[in-house]
Amino acid sequence: MDLFEYQGKQLLARFGVPVSPGEAVDTVDDAVAAAGRLDFPVVVKAQVQVGGRGKAGGIKLANSTDEVRQHASNILGMDIKGHVVRTVWIEKASDIAEEYYASFTLDRAAKKHLGMVSAKGGVDIEQVAEEDPAAIARVHIDPLVGIEDYHARQLVFGAKLNPTARSGAIAVLKSLYRAFVELDADLVEVNPLILRPDGSVHALDAKVSLDDNAAYRHPEFEALRNISALDPREQAARERGLNYIGLDGEVGIIGNGAGLVMSTLDVVNQAGGKAANFLDVGGGAGAKTIANALEVITGDPKVRSVLINIFGGITRCDLVAQGILDGFSTIDVHVPVVVRLDGTSAEEGRALLAANPRDGLVPAATMLEAASRAVELAAEGAGVSPGDTSGGAGKSSGTNGQGA
Amino acid sequence: MAIIIDENTRVVVQGLTGREGRFHALRNREYGTKVVAGVTPGKGGTDVEGIPVFDTMVDAVEGTGANASIIFVPARFAGDAVYEAADSGVGVIVCITEGVPAHDEARFVNYVRRAYPDTVLIGPNCPGLISPGKSNIGIMPGEITLPGGPVGLVSRSGTLTYQAVHELTQRGIGQTTCVGIGGDPVPGTGFIDCLSRFEADPDTRACVMIGEIGGSDEETAAAFIASEMTKPVVAYVAGVTAPPGKKMGHAGAIVSGSKGTAAAKIEALEKAGCRVGRNPSEIGELMAEVLKSI
Amino acid sequence: MDLFEYQGKQLLARFGVPVSPGEAVDTVDDAVAAAGRLDFPVVVKAQVQVGGRGKAGGIKLANSTDEVRQHASNILGMDIKGHVVRTVWIEKASDIAEEYYASFTLDRAAKKHLGMVSAKGGVDIEQVAEEDPAAIARVHIDPLVGIEDYHARQLVFGAKLNPTARSGAIAVLKSLYRAFVELDADLVEVNPLILRPDGSVHALDAKVSLDDNAAYRHPEFEALRNISALDPREQAARERGLNYIGLDGEVGIIGNGAGLVMSTLDVVNQAGGKAANFLDVGGGAGAKTIANALEVITGDPKVRSVLINIFGGITRCDLVAQGILDGFSTIDVHVPVVVRLDGTSAEEGRALLAANPRDGLVPAATMLEAASRAVELAAEGAGVSPGDTSGGAGKSSGTNGQGA
Amino acid sequence: MAIIIDENTRVVVQGLTGREGRFHALRNREYGTKVVAGVTPGKGGTDVEGIPVFDTMVDAVEGTGANASIIFVPARFAGDAVYEAADSGVGVIVCITEGVPAHDEARFVNYVRRAYPDTVLIGPNCPGLISPGKSNIGIMPGEITLPGGPVGLVSRSGTLTYQAVHELTQRGIGQTTCVGIGGDPVPGTGFIDCLSRFEADPDTRACVMIGEIGGSDEETAAAFIASEMTKPVVAYVAGVTAPPGKKMGHAGAIVSGSKGTAAAKIEALEKAGCRVGRNPSEIGELMAEVLKSI
């Protein structure tokens, strides 16, 4: 779960990371009122979970009530790379002497925590990583030991921060690491971490990503979850406990297991189609889950056909088949549904479907055949041939020929 | 031969009396796996269809000579179960549980690697592993496999593994061992651990490796294949059309920076001399070609 | 630093270990008042840092104010194995179904934490360990990992505690371990840990020993230090920052390094004498430290001679010599002082003493010679020959003959 | 030959700019030890009598090719210094600092043993070690030693070690290496680590082992001597007359249960075939006899 800047800052502050006072507001009037409580100058900052806010005009300095009103009106409702700004953070402006970068995350390859600090902060750090990798000091931390002072020193000396900033930066890094671990975060990142003219070190931005798997021991996570930021389809899926990500295509996808679903997306693409979503029903899905999934997918107006691709392990194909039939009985399935069943109880599942034919319910023998059929059917529904779908990568390829 | 598990593997099921533990343990036993014990604190002395239940792993290992464990406990107890298994002395730990917090995982994986360098931890969030005809520890459908080799398979994905095994079996290509290492951020066992075991296994003549977007494990494995593997490797990477930066169910599947895209992984694997399939079917086709050529 | 039961209980309670309400008091009247606030029956418990209080009559149940008065009068001032009772702990009495033993300490050999639980509690656990070692469940805990539930389960199931007690005991063990680590304790021990008829598990005693080396990060340690319990000589030494333990003999000992001082004690014993103390001036002692040590030792009326045994490493023997001369100048050194100097700057030190002879200042060339001379001089001071000293183990031995 | 350190050992001094660090570093250098660097955060770029100072261990090791470190920082920073040294890749870490909390010690000793099994940590709370004529890392007075062997010495005590070395040197008996392992509850290196190295060292013909009351390390070492050592061992145990249960300055020196008394230790060592001296002088006498007999 990715947090907004203001949520991240409020969490980091609990662990002793120095941040500026500020208020998160949803309206221009509230922005003006908040600025009045903070003292000018203030900064008006768009709260969106995407980089490049500054360049897009989403961060503005305001020296007066009028300026706050003007900037807040411009920014609220602004679309930044597809993210609509619904909240702005009004923060007391800071004097900046230097801008640094600091983060902690998990290095999967090393199986250790990774701390990174750079004196080149305030910019796109991935670009720095590519163009001048030596400018980023890196230190691995053993998860069983945790941070020791020397880790922080190695980062601060390694990044050649201004000597004035050293002790402040070391303190911030230790707090930041503590937040990383105690919040069960996948990432804590401060960019820029600033040195102020008075020598203090201060977090001017905050990117915090929390591990949903740890939500059970952090009751506070639920309050941070920003439902309104979700795609309405994702919201519907979440309410049904489904792992769903909305995409732009016309073939609705239901599968079991993230890898198989990703592979299904790829195969649909190779067949000249484009997936409307990623939906993983997980392991051991029963009939109810499948019916729910079908309901969410067919509720998407862009969907022209549905591809259900199940390889049973824990999941029993007979239950999946039952769920599909249930879906056809209880909801309005107005698009063709191609079904491929293999693995545990596949024969029973296929027999169940064969015994209960439904209009628009199309069995397929293999994954590739299923993908081809679903793409064809989607194209028919849209009144175009597969090769014409604007979403397809143009690779209608030989896979079409592999159908039953 | 096989890697990691075989007909001499004796398994304890941690969480045997739970719904999932019971279901899969019995299924594994039916396949022929030596399921010798279960552990559920407070239920010591009872049994599940003749499988004796113990209160602690130490008791189970002492009482039955078990040398492996499989974990089906809920995510919040999974770390505890892994530590208990490792300290009990079993040499193989298969953690099926999904949803384990990454910070817990990072700690127990490091603990097991350091304190018990010879212990193999598979998972968490994995389907387990199967040495066809010998032992099946996990949730993989044993009936889709084909005993006798010559292919060793390792995969980060669950159901995609079944799909790949299915493609091999349908073409009459058997497997020595199929390992689902799981797609979590800090898997106990990685591609390279398995590939190097397959390289050393006389009955394995070729390998299948199935990756997905996120992280850099496939790239690192490619470097290992180029420098250390004499046996051919057929690969597949899922997620070519996955939108960058979005989580695809697996915590691990986040595209990060220039590495991590399916395209970069496929390129690295092809450079390392692997044949890379464009879809699961091609895994079977390519492997059939590879086996003819060696 | 060993704590009294009441101090230990109050600390353990902070970590969630259930203990009975109670009050520590120094007078009979306070004991009666405390009992009045607690509800009868109460237990009056002598606070001394030695085992076997119960058998010595230091723990009594009281059902009325009269009984509290009677028991408190008997116990306050009581001498239990050389420890005078100055404080009693008045505690609400508990109903006991079963008595267990639980502890955490460091296993030096395994370099790990060791947890121990036995269903045979309430008795001398060392005797249980000898007679029925299987009755004590033991579990090692990796200090980098800390306690997990399974450690506690292994202890509770391993010790075959009553099933009713399991969940309570597991909770207590986890709290106890947390106290062990977070308090920087060398030992936390609860004996007995009781199962009450209502099924709850409860600490009826507490032995906590804190690591003095960790005092810098536990400001609360200082308040727990019971100065009044110290030997007055130890108190004087502590005020001067010296590592001193009072003993019963007549030869005062000053040395550098614990091992060398222990060895000096042994050699004095072999020479037929008995040490009056253990005093380690540590590494790098200067003149002032030596003079202070001499002051503390000569202030002990039992001391008939002093043996200063220094092997210089960090410690410079010339500074030691200077400190001895300073001591002779500033304090009344009324007993003979035998000095052996070797190692760093030993020649300069010996030369300094040779150049500044003092009455009663006796140089010696070796450790054995020094011990023999000190024992002889102590015996002369006491008017007896070495072999007669009642403290000596009768082993005046051949070492006497090894003198210069 | 010698064990652990020799003329090729290049030392970084952690805390070089402190009073003690500076004093002993210069003394060690004067003895002939290759003291190549110091580390004091914030003083990188300066020097102490020609010894370059770095901000971090990583910089020091990179800048000078150091392969050992000695730690003189205050107790509250000692753990940090040990972790930093271990992670910097040096193979020998000598922690002189005394007063380190036992819980810190337990953690970093386990970390070093596990993460860097080949790294030797000596101490904390130890006088260091010396390979006479080759390298002296620590606070032992080098002038009391005698180069050339044939005796290897290991001791839990500080000044008592000097006394013992002195007794050997006065009788013309040289030393290969003298190791003061320190008397703390969780020493990084124990008797057995050193004895097995002495056993493997061709120039060491006999060993001296100096113990004291508390713990059971001497008893464990006795068992090792009985089963694994072919070279004779002369032993000494301090604390025969120490009152039981009292701390004698060393946290380790607590008599615990039936084990831990000097008498029990002496008995165990004698049973293992050691000659045990009754006082430090006898160490020299017994060793002279032993050397004549082999």
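Think of it as A, B, C and D in the order they're written, each chain with its own count starting at 1.
Heads up, the rule we're going with is that contacts are C-beta pairs under 8 Å (C-beta built on N, C-alpha and C of every residue); 3 or more make two chains touch, one makes a residue touch a chain.
All of these numbers come straight from a predicted model, not from anything done at the bench.
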item: Chains touching both chain C and chain D, listed by label; value: A, B
item: Far-end chain from chain C, centres as C-alpha averages; value: A
item: Interface with more contacting C-beta pairs, comparing B-C to A-B; value: A-B
item: CA centroid of chain A to CA centroid of chain D, Å; value: 54
item: Distance between chain centroids, defined by C-alpha means - chain A, chain B (Å); value: 27
item: Centroid distance [mean C-alpha coordinates] between chain C and chain A, Å; value: 59
item: Where chain B touches two or more other chains, by residue; value: 107, 111, 115
item: Interface hub residues of chain A, defined as touching at least two other chains; value: 142, 144-145
item: Chain contact topology (line, ring, star, complete or other); value: complete
item: Residues of chain D touching chain C in the complex; value: 20, 23-24, 75-76, 98-104, 106-107, 109-111, 113, 127, 139-141, 144, 155-163, 166, 183, 185-186, 210, 212-213, 215-217, 220, 236, 238-243, 246-253, 257-258, 262, 278-281
item: Chain D partner contacts - residues on chain B that touch it in the complex; value: 114-115
item: In the complex with chain D, residue positions of chain A that touch it; value: 142, 144-145, 148-150, 153-154, 157-158, 163, 166
item: Contacting residues of chain A [partner chain C, same complex]; value: 144-145
item: Chain A to chain B touching residues, read off their complex; value: 106, 108-109, 111-113, 126, 129-130, 142-144, 181, 184, 186, 211, 213-214, 216-217, 243, 245, 247, 255-263, 265-270, 275, 278, 280, 282-284, 311-315, 342-344, 366-368, 393, 399, 402
